[in-house]
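You will see two complexes here that share chain A, one where it goes with chain B and one where it goes with chain C.
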Partner chain A sequence: MNITIDVKEMEQYTKVKIVGEIDAYTAPKLRETIFPYAEKKNTKIVIDLSEVSYMDSTGLGVFVGLFKSLNANEGTLQLTGLSERLRRLFDITGLADIMNINSEVEGGV
Partner chain B sequence: MGFRDVMHEKYKEILESYMEDQNEQALYLSQKFSRKSIEYKISPEEIISIHKTALMELEAERSDSVMPSFDILLEVMMGYGLAYREHQSLRTIQQELKSEIEVAANMQQTLLGTQIPDVDCLDIGAISVPARQMSGDYYHFVQDEQGAVSVAIADIIGKGIPAALCMSMIKYSMDSLPEGRHEPYQVLESLNRVVEQNVDPTMFITMFYGMYNTINHTFYYSSAGHEPGFFYNHETKEFEELYAKGLLLGVDKKTKYRQFEKRVDVGDVILLMSDGVTECRTEEGFIEVDTLIGYIEKYIHLEAQEIANKVYKELEYLQDFQLRDDFTLIILKRIK
Partner chain C sequence: MMEAFDYIEMKIPAKPEFVGVIRLTLSGVASRMGFTYDAIEDLKIATSEAITNAIQHAYSGDEKGEVVVGFALYNKQLEVMVSDNGKSFNFRETKKALGPYKESSIEFLREGGLGLFLIETLMDEVKVHQNEGVTLFMTKYLEGEQVERDAETIST
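What follows is the complex of A and B.
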């Protein structure tokens, strides 16, 4: 049960690549790593989830928190590369309707 | 320069001065050194090593000068002794806190306890097993005078004490809804407002709320991001998903929830569950929905409580008796 989080601050947005599993054990690390970026004004965060093999409700909580925090600071969140299982999780919870989500991994933005 | 860089020299100076004439001032400086080294998290064995190096550098080979050096070492180690005793007493306090949490967990169980309603036409079963000390899953039954049985099943995202407190809040908001019948979508909308206002922004709740009308035998339901349940049609012997989609509670206070309905005939079964059931994980990966349905089907002819218990046993066995997530399964079976 491990996770690696790679954050790159690009000119136009902050690119995050997550590899591993997002659950109750790894969620705190994810939150600590990404939240500071969401607290800045007008940030755009793009998160690549194509190599996330598992995510539970705690992980989902991190993304909802991130989404709310970005919204409050006029930023945006985009999630890319969701597997079918992850996609379903965002669908059931109604989050797919309010968040910017796509299954494709974004090429050059 | 930091303490770490100079501590060697400093210690050597104190030691040298004391070895020369055993003055009080050196002992006083040792106490100061002790406090400082604890503050900078220098370990006891590092101190011993500093002492040894200093002795070598001072070329103190004769035993009459080595002996007094231990007075300095002793003085420095005294601070560590105090810190150790403090650590011991903190451990006791920690144990006290732990047992207090256990009391809280028990109290939680009592506070949140719900009674399975007793109605002629329904056989109801429920099982809820926490993965750790305090459960993040919650279910609640309400029966009104007009014969409707309502059931809420919720998962608080975020575990431990905050989740437990949050759960109590949910229960009391549900209890304090005004008298009279409440449609599932109304309950969710009202709870959503409470959660949005009162809960930490990183904590969320998924909830499925259903109301079984025992007069027209229709099940009305709405979902706030909760795992969909299943419906078993007795006549066709087929399972279908109790599809309902809606946003998690606590994300947006203006959220509207859609209500769905399902006609229930004798022998039909409604199954509601937490994601600990559908996201059950084994060595080989997640169990497929078909596998889960297979287990349910195997026991569907039994009494509701028996179905719940048996399905739990099967999944517990699959996971090698190590629950990864809280497990809650509720079964409503129409018997007449």
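What follows is the complex of A and C.
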């Protein structure tokens, strides 16, 4: 019932790996950790979700906020390593059509 | 005719750190009943959304509240009840503003409010009782047992 967030600033993009559960308890920590990176101009953030075992609307809210912030600063967001379950969450909420999501880890990077 | 059922109830402080504790219990209950992996994940999300909602809407700024979560185990379905005794919010009004994302313009994307939409999408039946607080009743049927897919919302 916890979360670890690992952020690495690479040459081409900022790489984030999330391990654990994203819910009402952990979402604020996730937001605090990754939002500062989205405020810089032209940032590309790639988030690996392959080890996220649970996520609900609180997590979707964080990614939508991040996506908007990046968009406003001419950056991009890519979510990778989505499990079937996570993918379904983006599908039924309509977010799959709006955001860049991928089942492969680091696909298209 | 009232069908016999087993009932489990848990009362948690209205704090986000306890949502995961309920998920663990629910996971055990649902797997014992024979729900599939996907159905258990649906149940976990819907129940978490309901508890998160109860914490946020009913007890904003006041951490003294409690949320009661009940599981009614029937032969062919599981009913989850989530109840708060905090300040009531208008479920119908809240619900009207919700739904999947359709906006084409990114700047208008909402960052919240998907919880109730997910509850209605992932559960087979959802009912709401509103008096002092809000109580949400959500039912999921074991595969193949479902008679009708009617997510009717009743506000009393």
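In this text, the second predicted complex is superposed on the first by the 106 of 109 C-alpha atoms of A that agree within 3 Å, B and C clash if a C-alpha of one lies under 4 Å from a C-alpha of the other, contacts with A are read in each partner's own complex, and residues count from 1 in each chain.
Operating definition for what follows: a residue touches a chain if its C-beta (ideal position, glycine included) is under 8 Å from a C-beta of that chain, and two chains touch if they have at least 3 such contacts.
These numbers were taken from a predicted model, which means no experiment stands behind them.
Peer 1: Taking chain A as the common reference, can chain B and chain C both be placed on it without clashing, or not? Answer clash or fit.
Peer 2: Because the two structures are overlaid on the shared chain, the partners are seen to clash.
Peer 1: Contacts for A:Lys68 in the overlay, against chain B (first) and chain C (second): which applies, first, second, both or neither?
Peer 2: both
Peer 1: Identify the partner contact of A:Met10: answer first if only chain B is touched, second if only chain C is, both if each is, neither if none is.
Peer 2: In the superposition, A:Met10 touches no partner, neither chain B nor chain C.
Peer 1: Examine A:Glu21 and indicate which partner it touches, taking first as chain B and second as chain C; both and neither are also allowed.
Peer 2: Touch status of A:Glu21: second partner only.
Peer 1: Pick one for A:Asp56: touches chain B only (first), chain C only (second), both, or neither.
Peer 2: In the superposition, A:Asp56 contacts both chain B and chain C.
Peer 1: Taking the two structures together, which residues of chain A meet both chain B and chain C?
Peer 2: 24, 54, 56-58, 60-62, 64-65, 67-68, 85, 92-95, 97-98
Peer 1: Quick check on the complex: what are the chain C residues that touch chain A?
Peer 2: 16-17, 19-21, 23-24, 38, 41, 44-45, 48-49, 51-52, 55-56, 100-102, 106-107, 109-115, 117-118, 121
Peer 1: Going by the contact rule set out above, which residues of chain B touch chain A in the complex?
Peer 2: 155, 157-159, 201-204, 206, 223-228, 245-248, 251-252, 255, 275, 279, 281, 286, 325
Peer 1: With touch defined as at the start, can you tell me which chain A residues reach chain C in the complex?
Peer 2: Within the complex, chain A touches chain C at residues 1, 21, 23-25, 54, 56-58, 60-62, 64-65, 67-68, 71-72, 85, 89, 92-95, 97-98.
Peer 1: Which chain A residues qualify as touching chain B in the complex?
Peer 2: 24, 31, 54, 56-58, 60-62, 64-65, 67-69, 85, 91-95, 97-98
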